[in-house]
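Order of writing sets the labels: A, B and C. Residues in every chain begin at 1.
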Amino acid sequence: MSETGADWRQAFTRRNIMATLFAGYLPMIAALLVIALPLVWMVIASFKPVSEILTTDLNFWPKDPTTANYAAVANRVPLGRVFLNSVAVTFIGAAIKVFLALTTAYALVFIKIPFRNVIFLGILVALMVPPEAAMLPNFLSISAIGGRDTMWGIILPGLGTAFGTFMLRQQFKTLPTELMEAAELDGAGHWKRLWHIVVPVSTPTIATVALVIIVNEWNNFLWPLVIIDSPEKMTLPVGLNLLRSIETETGSYGVLMAGAVIVILPVLIVFAVLQRYIVAGLTQGAVK
Amino acid sequence: MTTASAELQQARRIKRSRNYFLFILFAGPNIALILAYVYYPLLANVYFSTLNWRLGARTASFVGLDNYREFFTSGSGREVWHVTVVFTVATVVGSMVFGLLMALVLNRKLPGRTAARTALFSPYVLSGVGIGLVWTFIFDPSTGILAHVLGWFGARSPEWFLDKNLALVMVILVYIWKNLGYCAVIYLAGLQSIPQDLMEAAAIDGAGPLRRFFSITLPLLSPTVFFLSIAMVLSSMQAFDILRIMTPNGYGTNSIVFEIYLQSFGSYQRAGYAAALSVVLFLVLFAITALQMRFVERRVHYS
Amino acid sequence: MRRLRLVLAVVMVSATVMACGGPTITGSGALASGVEVDYTGVQPATEISFWSNHPGGSIDTEKAIIADFTRQTGIRVTLVTAGANYDEVAQKFQAAQTSRSVGDVVVVSDVNWFPAFLNGSIVPLEPVLANRGVDTNGYSTVLYNDYLYGGKHYAVPYARSTPIFYYNRDNYRRAGLNRAPATWEEAREFARRLKASGVGVPSFGFGDQYLAWMMSNIVWSFGGAWSDKWNMDAAASPGTRDGLNFARSLVRDGWATVTSGDPTRPFAAGAVSAVIASTGSLRGILDSAKFDVGVGFLPGGPANQDKVVPTGGAGLAISSKSSPDKQLAAAMFIGFLTNLENTAKFSTATGYLPVRSGAEMSAVYATTPQFRTAVDQLTRVRNQDYARVFLPGGDRVISATAQSILTTQVGVSDALDSLRDKLEKFYRRDVESRLN
C-alpha cells in the first residue's frame, strides 16, 4: 500500500480534485481530529496547574506548565510500585501465556492422539466464555486459596489461554509436513522439534500473538480491580481508578490526566512502532 | 497372528501411550487452567445462582429460580436489559456505520492514508481506564472542553453525569469513538478484496457511484458486515472499563456486565443474583457466537 | 456400568463446585450464630491491621496516633487505605470475608455496621473491651448507643458527625442576613433576599452523595420519615411527600441547584451560598474557602422544629475473623484511638464530634467556634430511620429515589410508593428471617 507518485497525481487531477477533497481529505482530517484531539488534550492538560483547569476562559496551551500533576499522582498512589506491578504482571503473564499457547498448539497439531479435535473444540468454546461471567466464582476460588491481593492472584485465572492456542494452531497447520517428518527421522523428539523448527519458522505469528496478549494484559482492569485491595499491589488501571475515587475536586482533573497519560503512553508508543503486527493480530479473525 | 505383527501391535501401543503422555505434558497445564478458570466457573455460577447469598457470608438460603425471575420481571432487572440493549445496538450501529464511511474514505488511493489508518485504529488498543478519564474531563459540565465549546454558541452544557439518559448517551459516544477505527480497518480489508474489474465493468455500464455501492460493494461486503456485527455485539456486551470510570455508580449505565460487578462487589453484594446474571450473560453470548458459526459455515458452502 | 460412571462424575463435579468457597446452606438464611470467644489466658497480638478510609482527610492524624500507640504498647498497626469512602471500605470488608485475611479493626459507617453484624463479621464488643479495661462509660451515650442491638454494642464511635448548615457569610452579609435559616420556609425567604441583593450564585446546593442522610432532616421537618422502625409505610407518607416536594420546588424555582459529587467542593469554591454537609468536612472547608464560613443548625419545618437532626459518621468495629489475640490487641487500639486525648486531636483535625464527654476542646472552640455547632446540635438529634441504617441496600435505594425526585420529572407519589415497596421487599428478603 505505498503511495506512488501515480496515485498522488491521479488524486489531484482536475476531474478528481473535488472528490478527493470532499470525500477524501475532508473526512479524513475530520476523523483524525476527532481521534487525536482528545489524546492531545489529555497530554496538554496534564501539564496545566489547577488554576488553568478551573478557569472559565479556555487556553489551548498551558500558560504556566508544571509537572505538579505527575507529582500528585505519585503522592496519592505509590506510582513507581504500581507501574512496576503493571510491567511485571504484563510480562510474566504474557510470557507464560505465550509459552502455554505454543506447547498446546504444538500438541494439538503434531502429537497424534484420538479426540484431539474434540479437545480443540473444547478450547474453542472456552473462547466464547466472557471473563466477566467467570469473575465471581474465580474470585471465590482464588480467595479461598489465599490469592487475594497477590500478584499471582492477578495472573493465574487468565493463564488458560484459548486465543493464543487458536491462532498458533492455525499457523502450525500451515507448516509443510516434510519439515516435521525430516526432523522425526533425524531422531529429534517433540520438544526439540517445537523449539528448533516450529518456533523459528513461525516467529511473525508468535510476535503478533505476543503483542496482542501484552496489550490486553496491560489494559486489564476488571479482574485486578476485583482481586486487589492494597494500593501497593495494584496495577496501573486499578491505581488510576483509586485516584479517580480520591480526586473528586473539579480542579484535580490535571492529576487525572497525568494518570491517563501514564497508562496510555506506553501502549501508544509500542503501537506506533509495532502497529503492523498488532493490527494484523487483532484483525486476523476477520479473514477466517 | 505372527510374532512380527504382534510386535508391531506392541510398538504401536507403546507409541500411543507415549503420545498420550506427551500430549498431557504439552497441553495439560493449559487445559487444566481452562477447566479450572473458565469451565468450572460456569458450573459454579449455575449453582450460586440458586441461592440468596450475601458475598462473604457464611450461610445462604436456597431460593431456586427466584433470582432469574427477579431479573426478568422486576423493574431494576428490566432497566438492566434496557441499558444493555440500547448501549449494544447504539454502539454496534454507530461503530459500523462510521467505520464503513471511514473505510470508504481510506479506500481511495490518497497519500497519507496508512498513517491515517494507523491513527484511526489506535484508540482500540488503548486502556479503557485512560480513555474514560480523558473523556470524563472533556464532558465535565463546568470545566470540560465540551462545555466551553457549547458556551461559545451560548448553550449550557447538559448535565451528562446527573441524568440517566444523558449518561448513557455519553458512554455510547465514547465507546463508538474507541471502536470505529477497528471497524474501519476490517472494512478496508474487505473493500480491498473486491475485484477492481467488477467495479470498472459496472462503471462502464453506466452505474453511478451510489448504485455501485449498493449493488456491488455492500453485497460483497456482507460477510465482513456479518462478522463485524457479531464481534461488535460481543465486545459491547462485555464493556466495563469505560462505564466504570465515567459513571462509577452505574447511574443510567448499568449494562449487564456492570450490573454483575455492582451486585457482587458493589454495595448490594448479592452474590446469588450476580451469579444468575452471569449465567444469563454467558447463554446470550454463547447463542450469538453459535449463531455466527452456523451462519458462517453455511455462507462458506454457498460461495 | 457406564451410567454409574456418569453419575459418579456428576457427583464429583457437584462436590467440587460446592466445595470451592461456597456458603453452607441453611433453612432460611438464619443469623450466623456468633460463637462466644474465650479470652482467658490470651495475650494481645503484637501486630494488627486497621482498614480505614481516613474520614475527613485524617490520614496524617491517624498515622500520628498509631505511632503513639506503638510507642506505648509495642503493638504495630498497619494502616490500610481500604477505600475512598465508607461504602468502599464496607464492600472490601465484605468481599474479604471469603478469604482468610481481613482487617482486624475496620471503619464502619452508620449504614454499614448493621449488615456486618447480620453477617456475623463483627464481634460484640463488651467482652473484649472489658477484658482490656477500656472505659465505655465515658463515651457520649447517644453516639455509643447508635451501635446497640440486642443488648450488645458492635462498634465504638470514631468519626462521628451531624450534618450542619454551612453558609457563605460574605454573601449573606450582602443580603443583610446574619444567621442560618431556622426553618426551610425561611431558607426560601433567604434565597429570595440573596438574589435580590445581587448574589449571582444559587443559594443552596444539593449534592448527590448521602442524599438519604442529608434529606432526613427535611423529611423529618415536614413530619415524614423513611420508616417507622421496621414499618416502611412512612416512606410514602404525606409528610415525606411534602418534604421532598418542597426540596424539588427549591430546585425547580431556581433557588437551589443539584451538583454531582461532594457539594462542599462547589461551596468552598463559591459556586453556591449554602450547603448541608457533615461537620467532618469543616476543617477541609475552612482551609480551602476564600470567604468567611458560617455554620448553623439544620433548619426545622412546619411539622417539627426541634428533633430534626440525624447523627452520622463512622465507628470502629473488630472483625470476627481475627484470632482472639488479635481481637484483644484490636480492642486496645480502638480504646486508644477514641480516648479523651485522641478524640480531641481527631476532632480538631477534622471537625468530627469528640466522642467522649469531657474532651478538652475549649482552646479550639475559642479560636474556631464553628467546631462547637455540631456538639451543641446534639440536643436536637434523633435516631436515624431503620430503613436507612439497618436495611442492607436501603440507604442506596432511598438516595437514588431522592436524586430522581430532585433531578427528573418523576411523580413524587409514584416514586415514594415504589420506594416503600422496595424497602419492604428488602426487609422481608434480607432481614426479617434473620432476626427471628
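Convention: a contact is a pair of C-beta atoms (placed from the backbone, for glycine too) under 8 Å apart; a residue touches a chain by one contact, two chains touch by 3 or more.
Source: prediction; values computed, not measured.
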Chains contacting each of chain B and chain C, listed by label: A
Inter-chain pair with the most contacting C-beta pairs: A-B
Most distant chain from chain B, judged by the mean position of its C-alpha atoms: C
Separation of mean Cα positions, chain C and chain A [Å, integer]: 40
Separation of mean Cα positions, chain B and chain A [Å, integer]: 15
Multi-partner residues of chain C (at least 2 other chains): 20, 22, 95-96, 98
Per-residue overlap in chain A, given as positions that touch at least 2 other chains: 54, 137, 139-141, 226, 245, 250
Junction residues of chain B - those touching two or more other chains: 40, 44, 48, 265
Complex contact set, residues of chain A against chain B: 1, 3, 7-8, 10-11, 20, 23-25, 27-28, 31-32, 34-36, 38-39, 41-42, 45, 53-55, 58, 100-101, 103-104, 106-108, 111-113, 116, 119, 122-123, 126, 128-141, 156-162, 165, 190, 215, 218-219, 221-222, 225-226, 236-237, 240-241, 244-245, 250-251, 253, 256-257, 259-261, 263-264, 267-268, 271-272, 275, 278-279, 282-283, 285-288
Residue numbers on chain C that touch chain A, as the complex places them: 20-22, 80-85, 88, 92, 95-96, 98-101, 261-262, 265-266, 269
Touch list for chain B against partner chain A, complex: 16, 19-20, 22-23, 26-27, 29-42, 44-45, 48, 101-102, 104-106, 108-114, 116, 118-131, 133-138, 140, 142-143, 145, 148, 177, 181-182, 185-186, 189-190, 224, 227-228, 231, 234, 237-238, 240-241, 244-245, 248, 257, 260-261, 264-265, 271, 274-275, 278-279, 281-282, 285-286, 289-290, 296
Residues of chain B touching chain C in the complex: 40, 43-44, 47-48, 51-62, 75, 141, 159, 161-164, 251, 265-269
Residues of chain A that touch chain C when the two form their complex: 54, 137, 139-141, 143-144, 146, 148-149, 226, 229-231, 242, 245-246, 248-250
